[in-house]
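In the two assemblies presented below, chain A is common to both, partnered first by chain B and then by chain C.
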Partner chain A sequence: MSVLAQGLAQPNGGMSLLAIFFAAAVTDNILLTRFLGMCSFLSISSQMKASVGLGLAVAFVTACTGAINAAIYWYVLAPLEAMGVPASSMQLILFIIVIAGFVQLLEMVIERVSLGLYFALGIFLPLVTVNCAILGAALFMINKGLRVADGFVYSLGCGLGWMLAIVLMAGVRWRLRTAKVPPALEGPGITLIICGTMALAFMGLSGLIK
Partner chain B sequence: MPGWQVILIASALVCAVSGALAALLVFAERFLVRYGRCLIDINRGHKRLTAQGGRTLLATLMEEGIFVPSACGGRGTCALCKLKVLQGGGPLAPTEVPLLKPDEIRDRVRISCQVKVRNDIAIEVPEELFSIRSYRGVVERILDLTHDIKELRIRLVEPESIRFTPGQYIQLVAPAYEGSPEPVYRAYSMSRPPSDDRAVETIIRLVPDGICTTWVFRHLKEGDEVEFNGPYGQFRLSTTPREMIWIAGGSGMAPFWSILRHMQEKNVRRKTMFFFGAVRRNDIFFLDEMRRKEKELEWFRFVPALSAPAEGGQWDGEHGLITEAVDRLAGDAADKEAYLCGSPGMIDAAIKVLKAKGMTDDRIFYDKFA
Partner chain C sequence: MAVMQTRITPSRALANQLWDENPIFRQVLGICSTLAVTNLMFNTLLMCVGLIWATAMSSLTVSVLRARIPQRIRMMTEVLIISVYVIVVDIAMRVWFPEVHKDIAAYVGLIITNCIVMGRLEAFALRNRPWPSFCDGLGSGLGYSWMLMAIATVREAMGFGTVFGRPLPAAEAWWHQWTIMVVPPGAFFVLAVATWVARGYAMRFQAAPAGGKEGEE
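After this line comes the complex of A and B, so read on.
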């Protein structure tokens, strides 16, 4: 525990990589504290196997596109900002294009490399493209002024945090199968209520990392 | 910096990034999705093909002239394209699982429109599929049988004649037309006996929003060229002398019209009771023809039934659902055979009635329309 505390407290002109990762994944969980990426979260969390698959896909895409987007921002957009090009609106369009293109590429690579993985994950990839948590992670990363290496760790943390949230929810819903849920709340209703409760729990972790 | 220059740079940047990504995707597709030539071994060496990989097994086989039946055209819904893949088919796709029964999966049956040819593959194709060909023809006559049923006669052009067993069907190609962007295949039973081998006739009922039937009813004209492939299907008379009960509704008349006239030509005399159901007086057709056949053939009896006869004039035939008429009039069914052609709902109901009358499963033959 003390190693963790030391790692978290390490001053580096900012936060240490571990702190960035932990904050992104847990205390600042993109789904439970910022409520991004809820659509696929609500529908896919009904099955554990699918949730793990989707979570992995989202984590991978978020991490990779995070790094690419950070590079685009800091090496292309930021210099252009000096010339009057509004980076804040450009980043929106460019990040989206990069995310969509990356997912297409990923689908082709997975199909070629591992057919089993393609059938397990492949149907989720279009779902991943429209997941707003990925764009959100990229934009927050820029907001915080993180560069490419830090940005990659941050995005990875966001992605894995999203995966954590959906897997937790899948576990809770699995247990709920034998519970008496009021008919009107079955499905999305009870899921949202649980999501709120989980968010409250995660709120308790805020302030852990300054 | 002046506004227009900013706009120019911004647009150029978006174009550059999009272009770079698009180029990357094109190259990736070229290198990653290329599967080269793949060897397809059919029926353990009976036939061998090499084809360009990367497409579905169904599409590849169709291209090579092996016509695997498909009603949905490769969308993974009709399950007619089932084939055994002995080797090289890859793992079972999630889209195949709901269409296959557990013992089919064990026997390595796959849905060929969902199997992609990525490497050498060994498959089993039923013998009958090899005699299936693609035909081109000209519409010789379109006859209105009722307000929503037409009889279509197609004279064959290339090849000039067709051989089939009465009861089989063809897959008509409805080409792209306004409202339907791609060609679609739909199955229709042939209604003429095989002795007339220069032409093919079918009976088509208009389906609301049906892609093919809309084409036939609204766009097709006499003199138009059409394409179809076939003959398909296992629905045919058995070789036993048992008495028969035929049950059909609407365009289900087609195979029986072919079988009946074939039986007359070949002097096959098996006691037959043909139950034909419709809703109203104006839904029924071929009444005169059927009565004439009853006079000509002493072993044939035609029993039409209307479920709502009151609307549309007088009716002196049976009343009620066709399955009710079967129940009333068919008698003990223990030693008889049944042939059914119509909607899945009608067939399921008819099977129940027949079994209640003592008929066994192996004597009930049917052709379910999707």
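After this line comes the complex of A and C, so read on.
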């Protein structure tokens, strides 16, 4: 057990919030180790400004819907399941409704409150709905048995980790403009190779946890 | 391509998706959920069957209902239609393959947000008759699956020395494990090489098709 992990460990034996956050954001990065949110990642990471905007939107939506979904699971679905109702099949549909509904609501609120922000976010909000990282974070959170507070921290970590990856990639791709890439490898091909290299680097940090 | 889409024949719709508009190396869509399980061929096969079922059936359903889906909430409607079929996959897998289901349950659920399903609904099924839409969905599922099975074959053979869980002939004599093929970065590298080979082949031997639309701007 490393020194850092000892420092992070809670007396009650569970993982501390900081450890959950760090694992979700870096060593278990949802984009680089689980390939979630690749579609918007591959197309948007060619522009730096857009990457930051989309990254923020994803982080915010993931964190909020993560907490809502954890509450739904632990206070509604789990008790129903315990009573013998096969509620776990409803999990997928409920989660996706929460996410789509939350994004729709957020769009309406932003439109009322700040038109500037509304136009700045533009196309990103609808893109967030179909970003699998958000549903993925919710499903993995339930798999890990995280409760509401832990789930919120985990989701926040996932969202910020996704943002970290896309912003890093946008930076690399900016430098790539002056590089000579084989024509058949341009665009997605070379981006995937960089992803692989980045994933290796992130994996190298996994010794910090456990 | 866009001009032809309104009058495309069912068989053409299917064939297009296998190579000319292959979801993986042409459109680079929907890599998300399925790539994660490509280190074992059997898991990949199950995921691919689930995905083919979901794309084909939801394309058919959306196409049948296309005149009745309100424009403003069509994304929501599509997501709900897809999730119905994915839940069927989830339940079927839990019954028939409980061992595998334990490992990949979360990824099965993620077929709902797989961009390729939604992409075909938006680009094709909303504007075409049911039978061509079904073929288009089936084709995109198959086009996606053959690429993924190829990737899974490479990863399992190099990472574990097996094909569908059976050891390669005389593996102990010459085979050496590539750990990188088992861990996630391996998937990125194999996919990149697959894209490279397929696009390079298309560039050299076919009269310059449209090429990649995504990600190259």
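Rule of thumb we're sticking to: the second predicted complex is superposed on the first by the 195 of 210 C-alpha atoms of A that agree within 3 Å, B and C clash if a C-alpha of one lies under 4 Å from a C-alpha of the other, contacts with A are read in each partner's own complex, and residues count from 1 in each chain.
Everything below uses one rule, namely that a residue touches a chain if its C-beta (ideal position, glycine included) is under 8 Å from a C-beta of that chain, and two chains touch if they have at least 3 such contacts.
Quantities reported herein were computed from a predicted structural model and do not represent experimental measurements.
Novice: State whether chain B and chain C clash or fit side by side on chain A once the two structures are superposed.
Specialist: After superposition on chain A, chain B vs chain C: fit, no clash.
Novice: Is A:V98 in contact with chain B, with chain C, with both, or with neither (first, second, both, neither)?
Specialist: Only chain B; A:V98 stays clear of chain C.
Novice: Please indicate which partner A:L115 is in contact with in the superposed arrangement: first for chain B, second for chain C, both, or neither.
Specialist: Touch status of A:L115: first partner only.
Novice: Who does A:G207 touch here: chain B (first), chain C (second), both, or neither?
Specialist: After superposition on chain A, A:G207 lies in contact with neither partner.
Novice: Pick one for A:G196: touches chain B only (first), chain C only (second), both, or neither.
Specialist: second
Novice: Regarding the shared-chain residue A:L80, is it in contact with chain B (first), chain C (second), both, or neither?
Specialist: A:L80: touches chain B, not chain C.
Novice: With chain A's C-alpha centre as vertex, what's the angle to chain B and chain C, nearest 10 degrees?
Specialist: Taking chain A as the apex, chain B and chain C sit 70 degrees apart.
Novice: Thinking of the overlay built on chain A, is A:L32 touched by chain B (first), by chain C (second), by both, or by neither?
Specialist: After superposing on A, A:L32 lies in contact with chain C but is clear of chain B.
Novice: Quick check on the superposed pair: does A:I72 touch chain B, chain C, both, or neither? Answer first, second, both or neither.
Specialist: first
Novice: What's your read, chain B or chain C touching more residues of chain A?
Specialist: It is C that touches the greater number of chain A residues.
Novice: Between chain B and chain C, report the minimum C-alpha distance in the superposition, expressed in whole angstrom.
Specialist: 9
Novice: Is there a shared patch on chain A that both chain B and chain C touch, and which residues make it up?
Specialist: On chain A, the residues that contact chain B in one structure and chain C in the other are 93, 97, 104.
Novice: Which chain B residues qualify as touching chain A in the complex?
Specialist: 1, 5-6, 9-10, 13-14, 17-18, 21-22, 24-25, 28-29, 32-33, 90-94, 118
Novice: Can you check the complex and tell me which residues of chain C touch chain A?
Specialist: Residues 25, 28-33, 35-36, 75-76, 79-80, 83-84, 86-87, 90-91, 105-106, 109-110, 112-115, 118, 180, 183-189, 191-192, 195-196, 199-200, 203, 212, 214-217 of chain C touch chain A in their complex.
Novice: Over in the complex, which chain A residues touch chain C? Could you list them?
Specialist: Going by the criterion above, the answer is residues 32-39, 42-43, 46, 89, 91-93, 96-97, 100, 104, 126, 129-132, 134-136, 139-140, 143, 182-193, 195-197, 199-200, 203.
Novice: In the complex, go through chain A and note every residue touching chain B.
Specialist: It is residues 72, 76, 80, 83-86, 90, 93-94, 97-98, 101, 104-105, 108-109, 111-112, 115-116, 119, 123 of chain A that touch chain B.
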